[in-house]
Each structure stands twice: as C-alpha cells, then as structure tokens.
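Labels A, B, C and D are assigned to the chains in the order they are written; within every chain, residues are numbered from 1.
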C-alpha cells in the first residue's frame, strides 16, 4: 500500500483480458513501477481496489497467488459503473491499483486438514487463490473437495482450470448448476443440496465458502448438520467499501470493518455480529 | 456584438420531424449556420429539462427543441407533453437568470427544410447579439 | 498572573493575521453564524453561541479532490492535492476542538489520511471558551468543559471586554502577538453550567439493545436526510468517486452520511442495511458503541447541533437516556 | 400564539377510539419536542400513546410525508389543510389508498415561526399566504371552519425576482445554491418526493456528480423544484428544514404561479386531479407558435 498517501493508486497496465463468463472478465494487470511490483505481496483472500480513471474505483479480490508471478489477476463481473468501465478497457490501458487490503485465509493454520471449498457464481473468485495455493503445496494438506455452483454452465467462472483442479492428486471437483443446457450432463442442483448429498466429513476438515448471501445461509445450515463447528467454517463477507482503510466508515458489520478486519472470517467470529448485518 | 463570437446551440431534434426537416435542408442544399450541434431524439417528448439544463451548464449559449407540429406527433401525443413541460420550464429558466432568448421550442415538420434553416439562422443571430453567457 | 488581550487588540491581531495567512473565523451569513474565510477583522463575530455548521469543513471539506489525473501524450500522472497555505482557525469552541481530535483518531491512524493530515498540520486552532451555554449544549456529559483548553493551540476566555490568552502548544505560543498582550490579575469567570445526560455505562449497554424494536420505532419519524451527520463535528463518513469536468478527471472525496439511501447499496442493488431502522441504528451505534470500542471515547461532543437542526427532533440526549432505560429493563 | 385553541381533546379521543377499536394500526400526529416548546411527529401505536398527542401552532411538519412509508398498514393521520392537499396529491398519484388512511382533519389557525428551543410570534410566511384553513379531505374534522380570505398579493416576492435582470437573477441563485451542503433534507421532508430512486442518486446516467459544489447543487435545486411543478402543495417543509436557509419557496412558488397562470391549476385540491404536466389539452397554445 502507498503508505505516504494511501488514496493515491499505483499506476498499472492492463496486460490482457479474457471472457470467463458472459458477464465476467479475467483481467491481468501489471504494476508499472518495478519496485512497487516487487513489494506488492499478498495472500489468498486479500483484495485490491482497481481504478478506471474517470469512472471511479471499486474493490476486487486478487484471484492470483503472489508467489507465482508479479502479475495481478482479477475476475470482474460487469455489474455497475466501474466494472462496466473495466470491461470496456483494451489491453495496454492504464488502471490504478490500491492495496493489498484486508486479511486473508489462514492457510498455514489449515495445514494437515482436509479442505472443502464451496463457491457459488462469482463467489469463486476469492477461492481460486486458495485452491491454487493448496495445489501448489499439495503435501501440506489433506483431501481437497471443491463444490462449485453457478446459475448456468456458462456462468461457471474458472472453467479453463477445472481439468487441473479435478486431476490434481487427492482433489475432487464437483460442479453444479441451477439450470443446465443441452450440453450439460452434470448436476442440476443448488449448492447447499450438493453439500447435503456429498456429506463431507467434518473430521479434521475446514470448509471455506463464498457466494451469494442466500447460498451462504443454506450452506452454513448444511455444514452444521454435518457436524462442522463454527471455527471450522470460513467465509468472506461482502459490504460496500470505498477507502479500504477503515476510514470512510461504511463497510462495518457491528464494530468490524470488512475492509480491514475482514473480509475473511470464521463463522465463530461472525456469529457474534452476524445479526448486525 | 463581440467580434468573431460564434454562439453554440444544442439542438434536440425529434427523429420524425425536426431531424427530418434538418436532413431535408441538407439534401436540398439549403445552408444554415454551423453553430448548431444536433442531438437526435426519438420524440421531442423525450427531452427532459435535465438535458436542457445540462446543455447550458456545459457551455451552450442556446438550446433548441424541434418537434412535430402539435397534432402530427409520430407517437400521437408526445409533443403535447413537450409543449406543457417547456411552456413552464422556459419562464423558470428565465427566472434563474438564463435569458429567455436562449431557449426555443419550435415545431418543424419533415417537409420544412427551409423553415429549419431560417430558424437556425435567426436563433444564431439573436444569440450572437446577446453575447456569450456568463460563466456559471 | 494571567495574560490578557483587549477586544480591540484582538481584532487588530486578527487583522494582522489576515494579512499573513488564511484566517477562518465565525461570520454572519444569511441569518446564520458560519466559519468562513475572513477578509476583514470587522466581519468576525466574537459573541455567538456556536456556529450552525461545525468546523470540520475546514479539515475534511464538503468536497475535495484527492488527486487529479494528468493525461499528457497518452501518459497518465496522478497529481495529489496538497495543502500549502498556513491557516489560522479562530473561534473554535471546546466541544468542536474535541470533535477534531475525535476525527483524528480514525483518519490519522496509520496509514494516515495524507490530505487530512496536511489540513490539520497547517492549521493553528484558536479556541474561544463558552461564556454561556445554549439550551441544546451538553458537552459536560461528554467529559468536556465549556472552557476546556485541550485540543486547541491557543485558548481565549472572555472576561468583560478582554480575553484571557493561554498558549497551549508551541505552535500556539509562536503565533501570540507579544506586543498586544498585557499582564493582568483578572480571574476567568466560572464556566456556565449545563444540562447533564447520563452517559456512564452507555457503551456497555449498547450491544444488548441492538435487536430492540426501539430503533425501528425511532426511525418512524426519521426523514433520513443527512442533516445530523453534516452538522456533526465528529461524523467523518465520506464517499469517493471520480468527477469529470471538461475533460479533466479528479478523484473526489465528499461528505456522505450513513442515513443516505445508497450508503451501503452494492453494485447490483443488494443493500445489507436497507431498512430505515437499521440505518438510524447505525448512526447511534457508531457514536455510542463502535467508536468507543475502537478509540476509547464516545463519538459525540455534546455540541447539540443535531438536536437543534434535526427536522423531526431525534435528540441524541433522549436516545441515550432511552437506551439506558432499555438496558436496565433487559437486565432485570 | 392564539389563545384558547384547544383541539387536543377531540384529536386524542378520536385517536384513542381508532386505536382501541383496531380500525387503524397507528395514528400519526404530533407530540411535544424535547425542547418542551415545539412539536415533532408522533407515531402512536397503543391507546396509551394517545395522551402524548398535541395540536397547536407549532405543529409545522407535513405528516403526509410519512404515509408512503406506512403504505402496508392502515393509519390515521392528523392533517392540517396543507397536509390534506399532500394527501390528495398522493391519492391522485396512486401512492396511497384512501381506505387505508383515516384523516383527522384539523382546522388550522396558521403555524408560527419556530426553531428548536425558540418560538416566535409571527405566522410562517406560507401561512400568511394560506388560502385554505379547513382541510380539503378528512374523515373527521376538528375545529370550526372559518371564512376564507384569500391573500392579496401571494406572489409579490416572486414578481420582484422576475423583475430583476438576468445577471442579477443568476448571481442571486448562484449564491443561494453555492451554500447548499446537499443534505437532501428538502427532498426527504417533501411529501411529493417519493421516488424509489431519485435522479440525484442515479449513477448512469449521472446527473448530479459527487462534488458538493455550485454546478452540481444547481442541477439538484432546479430539477428538484421542477419535478414538483404542478405538484408542490406549498407546505414549505423543504425551506423550513433547510439547515443553510436556502429560499426554496421562491423557486417553488414561481412554478406554482406559472402553473396557475398557464393551466389554472392548484395541486392537491382533489384526489382526482391529474398533475398538469401529466396531461394536456390539444387546443391549448401556451404562448407557443403553431
């Protein structure tokens, strides 16, 4: 983060864009200043604030992992003014980057555990670096189960990586959609129902989930039925953010600022202030 | 009159009449001053006072709305609403300090290329006489 | 011995300061007393209860560019806004001076808000003790005295037709006009006494009343305008968006309020704090629970502006005492 | 303030009756504010709350503003004549249902100038111009309807403004708008401002930029006033609540005057009246050429 003036973004160049789904693009961004580029370390779960100059800035989770390379990757779903502008940019365009912000998944702590990743729609974005981190440190973790749901097959965000994820040793990828199409031979079920069906064991396991509020709500119920305790369930919260620094006083849930104290919380932490959402 | 001053006019022209009229002026090689910047709208009834106000704020010296003659609206009654809306907004603009000469609502049919040309000429002349707007 | 300055000399001092730097001082404007940039000492109002708007506007302006985007030959450069001019802020009341100190807590916490920090560093605060209290004042309940010299650089206390002068900080000392100040035996008058609100224990009570139906009932009459937040000397919420004018791009920060309808609405329309009751509750929780949890002090200074200007009389003093009652009920 | 004005018992009795019988879920009225002098809105849900109800010449708020929030329940409302015009406006614009609102109409002697902690002895300017001292819509009337005497020159201040030069008008309004802090209290207090998304909050198209600055403020105030053209019922709540004293009635009443002159229309006089900009007459010319 730019400690001298945290509101001034680092300048960066959009290297490439690719369509992930009809409404989501994969953006690869490189910070212009080589020193900044070297310093810009981050961990799975952290986010950055991207600027489209003239239209504003918005927070996005970093979907890359820091140690693999210096290019920053984002999955941006077109939903408002800033995301629209980002979608319109061509490679070579200048953007701004502030960050990294927020806390991260305690992957060190999960070592030795079986990991269950449960993501819905664009909620897979913060989970991608977790999956890649685990695959890169395969020996450190137990079984990896990935349950990824979306509205339609076209909305499954990281489809090009599914083969890698599914074929990695000790990992299993379960896809599901609300509505299939002619080519879809997989599941047509809601994510919480898939959790119920697959019955992952809570023993020595950590469940990490992210997705739309309604999916999270029912997924949590299913996980608890399977015996997961609140400290075994980890999620990321979403709230409107502006500054990323706990200063603009907008993204609080109870006395926690999602941009600083979050976005990653265990259910144990959240249960104290979930009502205050 | 200020030497060399060229007033800027924003013209909201309805697709069916005002714009067609301007088009006819063009194809008939009837000249009119290049001071007008044309924005084609589906109907004069689409013109929101916000568009007029924003035009003035962003440096227009005059704003013209040209629609079909009353009774000839492509959408039957759109311009009746235009008439009411701007009959009220025009004096309001004047009340806020925008001279009444700077705003016009005119009915120009698709066959009135000559009328459109005359209109733009007289509007431009009038605005030139009035001089530039004060800085907002 | 105390140091004093006569009213006349105070005005000549201010006149001198106006020649040297920016002077912000209370002045009459459209039926209000407001802090404004003074161009003549004679426009400065010395006798007033308090200004209609708080002093925060000088440090956290209504709107301010954080930086400008400079686009030349296809290159982009970001030009941060800087505060270069020295300012004297005259006439700040003890409650408002505490207000600034409270805003410092979040905004100067590392990494500091650079622009706000510059505004603060470039400004010398001259405080004016209150010789009388308005009916809406309750600073003492927030641990502030009407003649409290904390949080200012120089403190002035009116005695008859003169002012006792106290330099509180080195910055203040450096500004004092030694030629205009005399030694005197006068004693400061007693500070006015104020209505009290029981704030003791409120921070502890708050978490237990979050679900109380009280909030949605209170929100019945709330208009959800931003007056309370905008007149408040401690509210610091802001919005950041880009502003384009004639091709120039600025990243602008403007005041915003947790009461405004879009405050927590996410792109796509989902709003986790969509009800009126939840929004109003957020205001009081921020002041009476979250802020003290984070920074140790209640986020209110008892200036009473929200009491005076709320169009529907949502009175924070009443809210505090209602919460105390609710808390007592839930205990038994 | 006028002495002997004691409409309170009747209002309380009616409110108690309505709440006790369950005819309404809530009575929206006035109670004494925390200064012990002025009034504030009261939402009475229980018969016991009824004793807090007051009515006097400090009851400034237009309570009709709250009706859209209470759309889903049945409420009674204490309504002054100006408030009753707002009720008519909301009915005409299909925002509320007549059968879900019980109107306790109050004959109004005019409201005095007051701020929190201070009551003046002068009637508010809008009350000096009032033409209706008896509510136009009610289910139950409190007070004796007086004979109406229309004000002699209701628009003298508007006429003065009209007479100024363009430059004078421009600088007058620029100065007024520059002061705005965009708290949107004018909008929030207005019974006619009920849009679910205000144009000022739209991001695409972006009409009002983030800057709280003269140009943006100007768009806000001009369009706010114009959106109420032919709809404003002159309760002047917008001006009363403005924390920086912007003379909004001078905008609103210019439009009111022109609407009256052009269309012969005053808003809120009936629940059926269509706002003049939502209708037209084919044969009218309105000063425009053919």
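Keep in mind that, in the parts below, contacts are C-beta pairs under 8 Å (C-beta built on N, C-alpha and C of every residue); 3 or more make two chains touch, one makes a residue touch a chain.
All values derive from a computational prediction rather than experimental measurement.
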{"item": "B-D against A-D, pair bridged by the larger set of C-beta contacts", "value": "B-D"}
{"item": "Where subunit B and subunit D are represented by their mean Cα positions, the distance between them in whole Å", "value": "35"}
{"item": "Where subunit B and subunit C are represented by their mean Cα positions, the distance between them in whole Å", "value": "48"}
{"item": "Distance between chain centroids, defined by C-alpha means - subunit C, subunit D (Å)", "value": "32"}
{"item": "Contacts with 2+ other chains: residues of subunit B", "value": "none"}
{"item": "Residues of subunit C whose C-beta touches two or more other chains", "value": "239, 241-242, 244"}
{"item": "Chain pairs that touch, as defined at the top of this document", "value": "A-C, A-D, B-D, C-D"}
{"item": "Interface residues, subunit D side, partner subunit A - complex", "value": "203-204, 206"}
{"item": "Residues of subunit B that touch subunit D when the two form their complex", "value": "49-50, 53-54, 57, 69-71, 77, 80-81, 83-85, 87-89, 91-92, 94-99, 105-107, 134, 136"}
{"item": "Residues of subunit D that touch subunit C when the two form their complex", "value": "33-35, 38, 40-43, 45, 61, 65-66, 69, 115-117, 179, 181-185, 187-189, 198, 201, 209-213, 237, 240-241, 243-245"}
{"item": "Residues of subunit C that touch subunit A when the two form their complex", "value": "66-67, 69, 76, 78, 80, 106-107, 109-115, 210-211, 236-242, 244, 249, 251, 253, 256, 258, 263-268, 270, 272-273, 282, 285-286, 289-290, 293-294"}
{"item": "Interfacial residue positions of subunit A with respect to subunit D in the complex", "value": "80-81, 84"}
